[in-house]
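Each of the next two complexes has chain A plus one other chain: chain B in the first, chain C in the second.
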Partner chain A sequence: MKWKSLLLGGLLMVPVVLSGCWDRREINDVAFVLASGFDKEKDQYRVSVQVPLPSQLGGIGGSGGGGGTSGDKSWYVESMTGSTIREANEKQQRSLSRQLYFAHRRVLLIGDEAAREGVKEYLDILARVPQNRLGTFVLITKGETRDVMNAEESIEQTPAEMMRELAQNTMRKPRTAKHFIETLLSDGIDPYAPAIQVVKTQSGSGKEKTTIKVIGLAVFSKGKLQGILNPEESQGALIAMNQAVQPMINLPAPKGEGQLSILLGETNVNIKPALEGDKIKMRIVVRGKGSLIENTSAYDVTAGHNMEDTEKRLDESLKQSLQKSIDMLRMKLHADPIGFGDIVYRKFPNEWQTMKKDWQSHYEVMQVEIIPEIHIVHTGAITQPFGYKEGDLKQ
Partner chain B sequence: MTRNRTRFKADTKQPEPSGTPEPTERPEDEGNQLSKQLLQNREMFQEAFKNCSDVVFREIRFGQETALLVFIDALVNASNLHDNALRPLLQQLRGETDEVTALDLEERVITLSQVLKIRKRQESIDAVLDGNAMLLLDGLDDALILNVSGGTRRGVEEPVTEASVRGPREGFTESIGTNIGLLRFKIKSEHLKTVSFSIGEHTKTRVLLCYMDNLADPAVIEEVSKRLDGIEIDGVLESAYIEEFIEDEPYSPFPQMQYTERPDTVAALLLEGRFAIFVDGTPFVLMAPISFWQFFQASEDYYERYFIANLIRWLRYAFVFIALYLPALYIAITTYHQDMLPTSLLLSVATARESIPFPAIVEALIMETAFEALREAGIRLPKTVGQAVSILGALVIGQAAVQAGIVSAPMVIIVSMTGIASFTIPRFNGAIAIRMLRFPMMVMASAFGVFGIVIGTLLLSVHLCGLRSFGVPYLSGIAPLKLNELKDILIRVPWWKSVLRPSSYSKANRKRMRGLKPSPENRTGGNRE
Partner chain C sequence: MERISERQAMLIGAGIIFDATLISIPAQLLGVAHQDAWLTYLVAGVAVAASLWLLSRVGSRFVEVDLYEALVTRFKWVGRMVVLMYTFFVFFLVCRDLRMVSDFVNIHLLQKTPLVVISILVVLVVVFIARGGVELLARMTELYLPLLFFVVLILPLLLGKEFELRYYKPIFEHGVGDVLEGGWLAVSYVSEIALLPFFLSHKVFRLRTGLYGMGIGVFFLTLLIALNIVTLGPHIASRFMYPNIELIRQIRITDFLDRFDIAIVSIWLPSIITKIGYLLYICCHGIKRVTPGMSAKQITTAVGLVALTCSFWFFENSIQLIKVNYVWPVVATLFAFVLPLLMFFFLKPKPMR
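Entry: the complex of A and B
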């Protein structure tokens, strides 16, 4: 009996040494891909990956010597072309001493020219291989992704981190690749993504550094990039999507010069569709709380009826901004990131089946009624504009 | 003319108040008998105690009669002997004219509380070795055994291994008499039974089995008595010897009996229906049956406030998890599952491990082994050197190893966290079981990743579920699930809520008391003296 248990114990140890550790991957044998960029060169895909160099990141006892051409960088970018994305990755692996590991990819960049031709092919490998995380952010770059990825890092350790944080700050609920794929596959709503570009910082005389800047919102239709809205144009769209992060509205002062800046917090947008025969009518109610954060004029908002006047003007300004954004989206860009089609589908599923084939035409003639209900809640720590004596205030 | 002398006569009466029948004498006991002649007896005992220079043979003369007193000086209480045995003997017998029997001596002269009469040689020798004094009289074939045992022993001090902030500071000592006394101070009930055994051929150690006979399971007590009877060993020096003989699974790393130095712990467990084994010569008292969850309970839980005690208990559970799994998890995640770490943490670890020549498992084994060696060395160090070496170990070795690039900084953190976590486990025997088990867990993690950890946990659970401590399942409370006992495992309910005793140990008499939450309505009255 005793030999039996010893034999059993010995047999149990055999798999530990024979079949264990076969896919062991030490941390310093792995190259973590922090960012990937996809471009298209004629019919070849160009894939760029950004890999951090741990020895440069400031470890104790780390060895010196850079991995790229510029001395002290803690990351570097490797770029290769191939007829598929996977082939490009294999070519890259051949020149890398460590295994490429995509599970920590923070951002996925798609060049705008490549995106105009269609983004579907880049998302196939993303959805298929489990190592690719669907929690990455998808960003569109103006220009080649390689240039954006080679921008110099300033606050963060790597440009990939910078891009990720920028993408997170543009929207209230940053949309990940999972959402991108979902909206791409469903009718009635189109995907959207922040758009970034490499710019030079204006830090005065001395060395000029490159940095990354968000230039607007990229909207798609039918899986292809349609256009990039600049920040003013995209603000209305973002508000309608409930994605605007504390949007700010500048109002000129009614008397004299100067501007009032009002910050909208806790915005909540409710879109209700109505069907009149064949025509769709959309009712957009925008509720929010505004706070006056800067007053460069002599206008005293708290005097008399000024508060209500300002609120009315604020509502008007908001209405115009939203109208402008929506018209631009439907007339010029033919894209529907706000998801009006989806809203119609939820309320009128039967009519949607007939409408969805030529949704574009319905979309363009759709009647949009915008009802803002913004109240200015407080003016900060001071009420009257700063620095003016009693008599100088314009009432 | 009658001379003034006392004469000793073998008494014909057989006063045996205990009622146990005398064993019939067998022919081979002939050599074992004491003779009526003092000289023969004296020779017999001097032969037995040849070369034992600490055995004292003292002759006493009464007129023309002699008596012999045999005792071991270091084991007897000399003043007791003089005052209550010798003096009455000499005083009383001076004026006696009649013949005096041993019975007379026992009943009227010697003023000690315990006196026995023995006729057998071996038993008398045993009695002398036990610290008694033996009185031999010419003409008597009885030896009078006088209970004057004394000798210097350690006094009652605070238990060294189980210090506590609040609670009694008495700890058991090496003398079994004192220990039972400490227990009797706490449980003043006639239901507390103490059954005596003598185990060990050469040490003849006195072992006491204590239990409450209205609470404990009679089948368990009978089983324990059977096991104790069956022990055949040269000598018993510590309760651990007994523990190894009577436990259910000697090969398991987990102890099935608990030991303690504190009388209050013993009393608490006896009141739950368990039993305790006292061994003469050691302050550590064994208790059984136990469950796994008792390793995480300290007496202090019951002496501190309810809320605080609960938080600390949960802290202990969390730290047990850390003590067992942290190195294994680190190895598994950094070797196989790098996607489970947040990216910035991963980059920090990668940076730290960049120039380390060893893979994670080797690094972990080096550090853990060094830590165990350090801990073992720390136990043996004299107090004066101990402080310096712990600083040496922690600061210099750890820091220098990291700087030299032999181990990485995260590994040092992991090892120290594990060490601290294993110190939070109140019971030492449970703590070392957990400490030792983390090494196989690390090996499994290095071979199979988190899957290996799961397999290791599965094996451990299977082993624990099948383990029994004197018939009580080791994980009782959780498996088999008894909701009533969960109140003491997961949390510690206040005393006024703990109405029933745990059913695993006491089948009879479950109700401990009427639950009384402190409030004006709940008054019983009747506790006043």
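Entry: the complex of A and C
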């Protein structure tokens, strides 16, 4: 009977050995992809990947970026074309001794020219292969993605990390690929993404290097890039989406020269739809708390009723900024990232069924009423402008 | 006769409903009912409650024995035929669930490992569990299921920042019909609790036990699908093979609590393997009832291996597992409603002379 238990023991050991072999992945046989970039060249897809070089990464605690003493980068960018994205990856794999591993890719870049043709085809591989994660940030680049990925100066160890942090800092609730795809698949709301570009640092003659800068908000419509709003234009849209991270508003001083800068620490926007016959009316209430962060004029905000007066002018400025952004989105770009269509859908689903066929025309004639209610809470650590003598202050 | 307590029976009921359903049907429910998919399990629950009532009424006529034995002793040949039908039904369930688990592991966890190897490993564990009998099944359930339920309960906290609460509106956008259709699809999985009276005597599994077990299972399933709706949104979630896995992949609380999905899957896998263990046990139990002189324990290994082969034979690819969900409610209705109804009318103890 002993041989029976030995045989059983032996047979039991077999699956234990079998189970790990195929999917075994040695850590030094893996090339972690930090960022991917998609471009289109005629009908071929160009895929660029940024891979770190482990031996150059240096010790723990070093956030010392590229351009160090030896001049060696701790990463490199590889780029190939193919008729599908997967094919381009396979071609890249042929020039890499390590397996490309996409699970740690935090940033997905799409070139603006490719995005103008349509982004739908790039998104399938994001979800189909479980190695890819929907938690990546989607960014649009002005110019080719590999130029942006090759930026020389970056405060983080790799440009991919810098792009990720930049993407996170542009919005209050950073929008990942999951949200991008969900808005793409929904009616009534369009996706949006931060737009970045490679620029030269303005460090002075001869010392310029390339770095990455956020140039605004890319808005889409029907799956295609419609345009990139610059930071001033996009501020209104971001506030309306409850996505603005501490927006700052500059007001000209009412008396004399100079500007007042007010930082809105908290903003809360509530959009309520109303239906009057066939016309939609949107009531946008913006509540916020602001603080005076800089005063380059001689105007004394604390005197008399100047605080209330400033609040009124701030409200007016905010109203104009929001109106301008919304009009630009609907008239010029025909895009709806704020999701007015979606708001109508959630509240009036029956009317939405008829409206959605021709949403653009309803969107353009939609009445927008903006009611800002900003309250300036404090003026910082000082009250009167610091550089001016008592007699020069304008009250 | 092995004994298990009522609480264990309740947990087995909850486990049978919960474990396999969460990787099989949510995507189809979301595709059919969109943002109202969270109501579908409740509809199915109401229907299955009726089935449980029927079975408990039949069971109350034969208090000491389970329904398989009651059928076989009361009607010699017809009873055996009914038991055989149920056995084939459960056998098919074993094949389906086995293939589902293997597919899941193959797609998400071990892509390069051949499907056969994964299936063999699962079958080995399932056979060992089923050989241990009801007591072992109950104890394993008591160990893993509460932990799984605890994890599901804290998911709203972990996923809170990914919520978009407007996704569940507008309610009943397409009318009640979609919800009822979703409920029809969900019945095929929720009705598996109706198998429990067949191997647990009425002393252990009463109507109360069944309803509580079903209530717990349906509650957690509804919670999960509601989380799917508000986190992923119905558009994305309905395209995934396993939306619940995508849901837990969204857990990211700063860089520290990231990539929790493997940990949660490692808590769930023993539960699904235990569930397949129940089904294999019921299957072998049924075979034992039909053929006299057979020891259920000895045939477990054989039945497990046949199920392994059949799981590859019956389903060509992972899409067929999805397609079977659309026809399965008819089969489930037969075994969870029609046959219990017939048993309610005809299965009575022999009148005492």
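The rule is simple: the second predicted complex is superposed on the first by the 368 of 395 C-alpha atoms of A that agree within 3 Å, B and C clash if a C-alpha of one lies under 4 Å from a C-alpha of the other, contacts with A are read in each partner's own complex, and residues count from 1 in each chain.
Note that in this section a residue touches a chain if its C-beta (ideal position, glycine included) is under 8 Å from a C-beta of that chain, and two chains touch if they have at least 3 such contacts.
Every value quoted in this text rests on a predicted model; they were computed, and no experiment measured them.
The superposed arrangement places chain B and chain C next to each other on chain A without a clash.
Taking the C-alpha centre of chain A as the vertex, the lines to the centres of chain B and chain C open to an angle of 50 degrees, rounded to the nearest 10.
By the touch criterion defined above, A:28 reaches chain B but does not reach chain C.
Among chain B and chain C, the chain that touches a larger number of residues in chain A is B. In the superposed model, A:101 makes contact with chain B only, not with chain C. Of the two partner chains, neither chain B nor chain C is touched by A:9.
Of the two partner chains, neither chain B nor chain C is touched by A:304. Of the two partner chains, chain B is the only one that A:52 touches; chain C does not reach it.
By the touch criterion defined above, A:345 lies against chain C but remains apart from chain B after alignment on the C-alpha atoms of chain A. In the overlay built on the shared chain, the residue A:277 is in contact with neither chain B nor chain C.
With chain A used as the common frame, chain B approaches chain C to a shortest CA-CA distance of 5 Å.
Common to the chain B and chain C interfaces on chain A are residues 21, 23, 133.
Residues 12, 15, 18-19, 21-23, 127, 130, 133-135, 173, 178, 181-182, 185-186, 342, 345-347, 349 of chain A are the ones touching chain C in the complex. On the chain C side of its complex with chain A, the touching residues are 107-114, 117-118, 120-121, 124, 161-162, 166, 169-170, 173, 232-233, 235-236, 239-240, 246, 249-250, 252. Partner chain A is touched in their complex by these residues of chain B: 334-336, 338-339, 343, 346-356, 359-360, 402-405, 409, 443-444, 446-448, 452.
Contact residues on chain A toward chain B in their complex (touch as defined above): 16-17, 20-21, 23-28, 30, 32, 34, 52, 54-55, 57-63, 101, 103-104, 106, 131, 133, 157.
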